[in-house]
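Letters A, B, C, D, E and F name the chains as they come in the text, with residue numbers starting at 1 for each one.
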Amino acid sequence: MPIVEVKMLTGRSAEQKKEIARQITEVMANAAGARKEAVIVTFQEYAPDHYAVGGEIMADKLK
Amino acid sequence: MPIVEVKMLTGRSAEQKKEIARQITEVMANAAGARKEAVIVTFQEYAPDHYAVGGEIMADKLK
Amino acid sequence: MPIVEVKMLTGRSAEQKKEIARQITEVMANAAGARKEAVIVTFQEYAPDHYAVGGEIMADKLK
Amino acid sequence: MPIVEVKMLTGRSAEQKKEIARQITEVMANAAGARKEAVIVTFQEYAPDHYAVGGEIMADKLK
Amino acid sequence: MPIVEVKMLTGRSAEQKKEIARQITEVMANAAGARKEAVIVTFQEYAPDHYAVGGEIMADKLK
Amino acid sequence: MPIVEVKMLTGRSAEQKKEIARQITEVMANAAGARKEAVIVTFQEYAPDHYAVGGEIMADKLK
């Protein structure tokens, strides 16, 4: 029962998350040989002031 | 200092989370031999459109 | 399908982990109302030089 | 810079993990609109005695 | 590309998170030899009723 | 009790991890106002074939 945790900035639509979950599940079934029904995909979304790259908070980078 | 991360769909009451934390801490003390005061339990709750099983987002399964 | 991640120092036996998984699953079924068959428990064990409390690596604390 | 953490039982080959990483990165670029170079995929593999479903350790289920 | 996940109770200001991200990135560059631009720092904040120590939910401890 | 999870490629010495833990704990005490004794730092190290950037496994990038 593979678990795939997707961590990304907020901003993707419900439709996009639905599509990401569907496609990643396909990948796990095809490339990892997992039973499709057993694949779990979770989304954790970060607000721009909760995510930094290179020491700089995204909220500032996006200004 | 064991850390136990509980990841589940939203919907459980504060009372339920309190009880889960209390009981999991007991389990870690009794079955893992951890000092009770040192056990940390965290809750991460997923909205139904942030959690998919079998490629299908829970928000759709629950419709 | 709740996922419970147990993070702790190495040193518990396979028998202990088996018991922890069994009991935490009971807790999730009883206190969270989860279907028992759907509860996932994972273990991530840290070597004493991969875990620090108060700024001090456990490998040094345990000396 | 999306981070995708793949958590699964041990047993997939290096070739399979390479393919999973490649394909999940494509999904994130196509369905999430992420820059391909910025996508990180990590693998965390669980030994069968570190992963339980329904309260039963996989090592026992697989016997 | 080290990823540093900071998990803490809610309550720190945006200014504090900015400073934490900046300083942890320095630590990773200086002490771990990481390229500064490649360091990712994320924040996950827990409400006081989502975090328990010693079996007691923080929301109750803080009362 | 902040928890800071450091996820990086294998290759840093025990001495480096000790220093990283010490310094990150200082950061959390100074910039986040955490009690130093309560800060937990964990290390999770990835083998080069368990970590991909831009769809390419590090083991191949490093060749």
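Everything that follows uses one rule, which is that a contact is a pair of C-beta atoms (placed from the backbone, for glycine too) under 8 Å apart; a residue touches a chain by one contact, two chains touch by 3 or more.
Remember, it's a predicted structure, so these values are computed and weren't measured experimentally.
List every chain that touches both chain C and chain F.
Under the touch definition, chain C and chain F have B, D as mutual neighbours.
Out of D-E, E-F or C-F, which pair touches the same way A-B does, with over half the contact pairs the same?
C-F
Pick the pair with more C-beta contacts: B-E or A-D?
Per the contact counts, A-D leads.
Can you check how far apart chain C and chain D are, centre to centre, with Cα atoms defining each centre and the answer in Å?
Centre-to-centre distance between chain C and chain D: 20 Å.
For chain B and chain C, what's the span in angstrom between their mean Cα positions?
Chain centres of chain B and chain C, defined by C-alpha means, are spaced 12 Å apart.
Multi-chain contacts in chain C: which residues touch at least two other chains?
In chain C, the residues touching two or more other chains are 1, 3, 7, 40, 44, 53.
What pairs of chains are touching here?
Here the touching pairs of chains are A-B, A-C, A-D, A-E, B-C, B-E, B-F, C-D, C-F, D-E, D-F, E-F.
Give the list of chain E residues in touch with chain F in this complex.
Per the touch definition, chain E meets chain F at residues 1-9, 12, 16, 19-20, 23-24, 27-28, 30-34, 51, 53.
Considering only the defined contacts, which chain A positions touch chain C in the complex?
On the chain A side, the touching residues are 1, 3, 40.
For the complex, which residues does chain A have touching chain E?
Residues 7, 44, 46, 49-57, 59-60.
Using the touch rule from the top, collect the residues of chain E that touch chain A in their complex.
Against chain A, chain E makes touches at 14, 17-18, 21-22, 25-26, 36-45.
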